[in-house]
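Here is the structure we will look at.
A, B and C are the chain letters, set down in written order, and residue numbers restart from 1 in every chain.
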């Protein structure tokens, strides 16, 4: 049993889904573990992780539209507004999705399903650098 | 430290919660690890995992009712509709729940609480075969 | 590679966020692993885990307000009401957040971001004792 870790940075330019499947897959395969697990961990509270369909781009558009309607920027419910109208909604959207996701490694490959992609979900409007820790564990 | 993996298939017949506690518990106990962790990973984007009360069936009925109200099938917000009125809502419900859940193994048993059950949450109306990877790691 | 486990108890006094970062950090650092991962697992279905900003207390107030509006106590949608008007909403809020969270251990420290805190999210109004299993794995 052994481990490998790497921190990757994702450059975002506004609210939306940024696919990181390829970089996570490359890291995992470079580890060369036959069997194991990969954990992705997002070090932020206004961006998060989500596994979602990666075939039709409309899925990403619709997911974004749903979260915007559910937690609208500038919602008068919120008092934490000093960092902008999209800040508190970003925290809520992060709570509603994932900060960490663990995916098995099966026969050297991530066990992502056929239509699954791993995404950083950016909830802020302004550009950000987002740090994600990848941790592989296996043999 | 050692590992074990198995892919299980859950046959679903419409939207709802399908308990998989027993099969996951059986796999875990067959591994015979004194201490460790069990990760369940759902390989789909229109079905997901959730831990929920397994005592009163009304809890499952109410959970389903809540998600149907929050993300109604046929919601005019969505443009990704070619796979049916329940497809995009299924993706959203998956994003709002879990794709992977990790449960400690304590003294050879899953650390599920007294009232906790592990469920596959099917979000599509038609029958499906759902693949879940189980990964145990421990000693 | 080695493991360590501990079950901690959090005493709650009504709906809200209870920070457990310090106790989880202390457990992790006592394990003395250079590299690894920490899983926190909540053994309940009416309380859950969430990673959230720990700087401005208004964030916690707003998060609570959002979930109360999204899943109001006493919602007439629910039939599972015998344990009180806040019971079924508690189950739904648990499903919408996390039961388990895995955080990498990097250079002996939890990889929590600068503004991230780990919280038990209590969804019931009455006082409760909440059990959380901590599981460290690494070397």
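Basically, a contact is a pair of C-beta atoms (placed from the backbone, for glycine too) under 8 Å apart; a residue touches a chain by one contact, two chains touch by 3 or more.
The structure displayed is predicted, hence computed values, not measured ones.
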Counting residue numbers used by both copies over all numbers at the interface, does the chain A-chain C contact come out same (over half shared) or different (under half)? different
Quick check for you: after a Cα superposition of chain A on chain B, what is the rotation angle, between 0 and 180°, in steps of 5? 120
How many angstrom between the C-alpha centroids of chain C and chain A? 19
Find every residue in chain C that makes contact with two or more other chains and list them. 1, 70, 96, 98, 102, 137
Within the complex, chain A is touched by chain C residues 1, 35-37, 50-53, 56, 58-59, 61-63, 65-66, 69-70, 96-98, 101-104, 106, 111-116, 137-139
Listed in rising order, chain B residues that touch chain A in their complex are 1-3, 5, 7, 39, 41, 43-46, 70-71, 77-80, 82, 88, 91-92, 94-96, 98-100, 102, 131, 133, 135, 137
